[in-house]
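Please read the structure below before turning to the comments.
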Amino acid sequence: MKPRIAVFKFASCDGCQLQFLNAEDELLTLASLVEFAYFTEARSRALDGPYDIAFVEGSITTPDDARRIIEVRERTRYLVTIGACATAGGIQALRNWSEVEQYKRVVYPSPEFISTLSTSTPISEHVKVDFELWGCPIDKHQLIDVVRSLLSRAKPALPGHSVCMECKRRGNVCVVVARGEPCLGPVTRTGCGALCPAYDRGCYGCFGPADDANMEAFTRLMASQGITGMDAVRRLRSINGYVRPWRETADAIAKNQNQND
Amino acid sequence: MNEPLKLKKAALQDLIDLLRREEFKVLGPVVREGSVAFHEVREVSDLPIGMRDAQEAGRYRLTPGVDGEIFGVVNGAGSLKPFFFAPHEILLEVRREHRGFKVRDATPAAPRLALIGVRACDLAALAIQDRIFLHDKFRDAHYEARRKDVFFVAVNCTRSAPTCFCVSMKTGPEAASGFDLAMTEMEDGFVVRTGSAAGERVVSKLQLPTAASEDVAKARARIDECASGMQRQMDTSDLPHLLYDEVDSPRWNDVAARCLSCTNCTMVCPTCFCHSVMDVQELDGNMSRRVRQWDSCFSLEHAHIHGINFRPRIHDRYRQWLTHKLASWIDQFGTSGCVGCGRCITWCPVGIDLTEEVAAIRAQRGKH
Amino acid sequence: MTPYTIHPARITARRTETEGIYTFTMRLLDPSVRAAYRFQAGQFNMLYAFGIGEVAISIVSDPSEPEILEHTVRVAGRVTGVMADWKVGDVVGVRGPYGNGWPVDAARGRDVVIVTGGLGCAPVVGLINYIIRRRDEYGELHILHGVRTPNDLLYREKFDEWRRVPRTRVYLTTDQPDKSWHYRIGVVTELFDELNVAPSAIVMMCGPEVMMRFAAHALLQKGIGDDSIHLSMERRMECAVGLCGHCQYREHFVCKDGPVFTYRTVRRLFGVSGI
Amino acid sequence: MPSRRTKTRTINVSNLARVEGEGALHIRLRGGEISELKLEIFEPPRFFEAFLRGRDSREAPDLNARICGICPVAYQMSTVHAFERLYGITIDPAVRALRRLYYCGEWIESHALHIHMLSAPDFMGCDSVITLAEKDRAAVERGLRIKQLGNAIVAKLGGRSVHPVGACIGGFTRVPRREELAELREALMRERDDALECVRWVARFDLPAVERDIEFVSLRHPDEYPMNEGRIVSSRGIDAAQDEFDAWFEESQVPYSNALHSKIKARGAYFVGPLARINLNFDRLGTEVQSAARQTQIAWPSSNPYTSIVARALEVLYAIEEALRIIDTYEPPSAPAAKFELRAGTGCAITEAPRGALYHAYETDERGVIRSARIVPPTSQNQARIEADLRELIPQLIERSHVEATRACEMAIRNYDPCISCSTHFLRLEIER
């Protein structure tokens, strides 16, 4: 029997699950190898499980979703988070530093009808996650590699070093050194193919923190480029801002800033 | 033979044309993204004429230079390394067949390269990579295929960047070997020497005149001046022992606090050779490629084995890098792993400078 | 042909040693590659699982019959995890042999001490078998093995079998005994109290570096020279031909200068963390 | 509560499939009357308009892209144009052309996705593109090729197709060399034929023949088919500048739900998207596309919402032709992006997202930090219209089986290609009283 794959969505933009459909060259092959048992963006029929692999997109922001992810976990053999929302809480985790009630008032005239949690949290804060795919959005090739590995009954190989290595392999010139651009590359996880420097700009961290990022040294590098205080906080508190060690570094800078004010 | 010749500036185009006619792909320093790297050159005007580079630890800028000077930019982020040791390449293709599989070597498409504007340190670095990939127990067929039949036009340095220290490493500023032609730039042209039969053939086709003795003397003086004026130095005396003995130097912690472990220094270094080997399958599971790509001892995965990481701290990884470069490389390959090009200094985003680190380790030797 | 070229081999037998440890016998498919293939005790091959990757695995079969390749694999991670599914008849990849092997020639006529620790150290299995098959050519054989818990003792029957071989002694110990344990208790170095060997003995070790460091100390105390103590080192390996750089141990490449080193060679490095 | 006297029926579509984002539809009928209509949006709010406050305006193009993974270019384009007005930036004509190209890429990608993967299975009686491929592999492969081209165009300018990184206020971070753009030419030529074939294919679908009384709204530009610029026009006479959006449109709460619906003041529901654009800009399509449109046997302007799928296919063809034109006349700009000074001010912009007009409005302080942000996505504008369509459709479904009724409702919703992820504004609809 073909392995049964499910794709679930929580709070997200759909961009990560879209990468399945963006794999134009592989899509029909994929469909011949697996059964999409649940993938509402692509298929009307929805089966209840159990699933061999569940790809989970999106973060947990409502009480319902906090319950739903537990059900998903129970019906799933391998649970793989796809993207910054599911893996790190996503851009919507910016609410975690604010009053969500105030956020509701900003957006909705009748905030009392909004049912939402005060935080946006990654899936791993709710259930056990087997593999994490970083990125906002995830990289299509990494996604295909993970599917292929799991079909071959092998653990996926997901590197955790910084963007810089891929950047130089690609023949980019370092934007920090040659142009003084701020760049999160040295502390950001590889996976995107070093896109931003190839497009003449600094990395803004959409693949989350690299393993063993030296945040103290990086904070000093930012400061040497004139990025201090809330400017530095904003750089770290973005798409993957809720994940350590970026969260801790930004919180520490923010705290310092408040004390100085 | 080997008498210095003169190539007028205007005739540099003839050299390029001749090489192109002989079916070389001619590469030279070309401005890209705020730096120079070796790219295809068809016209002399593709070269960074009238430009110079301003380099310091952690900073690189191209600046207006001297009018008409063709090789005013000393070097950029791109070394020769990617042309022979590719950043990313397919080594094998393995295809499923019946109950087994069939393996095919993927031979690289290697264009015939002519490289102009190559510096002494670049050639020295290439000789080191040759030592690693060609003269060891195992020869690397892909490197070998790319390395064959390359034509090198070296340029002797008459100006150094503040990050250069080739004099300390005895690799420059004058190209000693490994070139077909070596040129020294003057206001009106180049003093040219040949370094190989292929170089001889080329100059005879160009019918270059003999250089005037004043020109030859002036060229010599320029190179000497460059050497004596070099701003950076590294004391290499007793080098393997210094680093071997100072395995516990407090400086390792000091530099580890500054180092981002980003791998930039190893990526731009013209001699670093570490690479990872991966097998990447197509989705249908019938075909797999063995891929190799540049790796670095600064990545956490580099020293990871199942259940243990031998170099978990940045302290360990920086020490590995510096010790390998300057010390254990000598035991392994009979030569230092550093040619003094200064790239790792310039292109380190936080400006860590190995000459300074070595000096500090030396200064604290045995005192802790 | 690049040094990375893989040679297909067919699995002819599979044996489960214990949960998670399997021994595969295999035969190279290409007759000319097979005919040219020679190895020494202690050398290793890079074994390839289609599409997944390659890992270093010691050859445990007998060098005098180079057409038969036997490998004992312990399931650890991505690649070895897939190897657990290998069946008789499957075609897998082999390249090698690599590394320097055990000093079986230098050991001839001498007492041999074999020290291992941790989870079943496959490389020494081949070595012990090698000596036992040529029992007359060697002196006393002492096999010392330390495990953390009795469950980690993976080849209980093998040790019992070796115990019965003439002029062979087996010493077992554990840190955390249970009721089933009727050997010694304590770390492996404590076994050296019992060990009675001539200073001319040759030692071969394989296991965690801390264990080997303490063992080497104890053996030096017994007057064994630091160049008579041989240790098998482990470092990450991706090419096995000294090019990829991962297996560096300061100036050594474990793949081509090792994996077996004398204690004299690595003495200064042993015990420095982060090398 | 079901009544004993009258026949009660409920139609529950617990998961709206093949729309972007997650939603459900709940309808209760009593007799022939709708007693309940609940378009439930699971999509939890993500509060973009709230967290944008306090961010640097230069971050906004990257942050806003994350509103929607299917049309990030649209969010970037409305963002940059709004801030360019705010900062008084003039855009180099070459950059302007590249932005059109960028949008062409997204239209091609998004429309191809919708036509082949979301919508066509309905008409072919399949549950997904995967089963559709078993029936008509050639059509699916053609769709994938077209889609791939769209992605390639976006990636050429922005590095990747989802959340591309190249767009910034003032232009692009990097612009392609001529020869880099020319690399797209071959694929564009090939896909032009595919797009034409696709138009013929969808025109043969058995589209329900309905006529609806609809007010269509889109941008209109003096001499181009609208994308990034133009005035707001409607089929009932609106002709307004972009900054008059608030004078004509309002977001309100409808009595039976808590959702914000955008409506034309004093008139109500309206329709944005490809069908609105074609209806209002047929004369700007160029002769090739016009003739393809005429061959479909549909009378343009069309008041049948089901012809949206044909409008989409025609826009794919248009975007391919437009992309070819831009590539062939491209000269790189002198700088990838215009320089500008940050300042305090307000600015708004509407651009034509694949799904229709997308309105953004911002206010900044003197350091260029965002003080307020307002985003009105096309789906939110179409929502009242979707519900109006459902109200007209449902009485005809009473005698149909559940499966058929569900399918009919989903098809009606899919006409609008709703992108529920763009839920800057969506609420859960609750109808129980």
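Labels for the chains are A, B, C and D, by order of writing; each one numbers its residues from 1.
One rule holds for everything that comes next: a contact is a pair of C-beta atoms (placed from the backbone, for glycine too) under 8 Å apart; a residue touches a chain by one contact, two chains touch by 3 or more.
This is a predicted model, so every value here is computed, not measured.
Ranked by how close its C-alpha mean sits to the mean of all protein C-alpha atoms, the top chain is A. Rounded to whole angstrom, the centroid-to-centroid distance between subunit A and subunit B, based on C-alpha atoms, equals 37 Å.
The centroid of the Cα atoms in subunit B and the matching centroid in subunit C are 40 Å apart. Between subunit C and subunit D the centroid-to-centroid distance comes to 64 Å (mean Cα coordinates, whole Å). The distance from the centre of subunit A to the centre of subunit C, each centre being the mean of the chain's C-alpha atoms, comes to 43 Å. In subunit D, no residue touches two or more other chains.
Counting partner chains per residue, subunit C has residues 51-53, 77 touching two or more of them.
With touch defined as above, residues shared between interfaces to two or more other chains in subunit A number as follows: 148, 152, 157, 200. Which chains touch which is summed up as A-B, A-C, A-D, B-C.
Residues 9-19, 21-22, 24-25, 27-28, 31, 36, 40-46, 61-62, 65, 90-92, 94-95, 98, 100, 102-104, 106-110, 113-116, 120, 136-137, 192, 195-196, 198-201, 204, 206, 231, 234, 238-239 of subunit A are the ones touching subunit D in the complex. If you check the complex, the residues on subunit C that touch subunit A are 49, 51-53, 77-79, 81-82, 85. The touching residues of subunit B, when paired with subunit A in their complex, are 32-35, 37, 58-61, 76-78, 82, 87-88, 257-264, 267-268, 278, 280-285, 293-296, 298-301, 314, 346-350. On the side of subunit C, the complex with subunit B involves touching residues 1-8, 10, 29, 48, 50-54, 76-77, 80, 89-91, 93, 234-236, 238-239, 241-246, 248, 250-251, 253, 256, 268, 272-275. Of all residues in subunit D, those touching subunit A in their complex are 15-22, 43-51, 53, 55-56, 59, 62-63, 66-70, 72, 113, 117, 121, 127-130, 133, 137, 140-141, 144-145, 147-148, 151, 158-163, 165-166, 168, 172-174, 253, 258, 260, 336, 410, 419, 421, 424-425, 427-428, 430.
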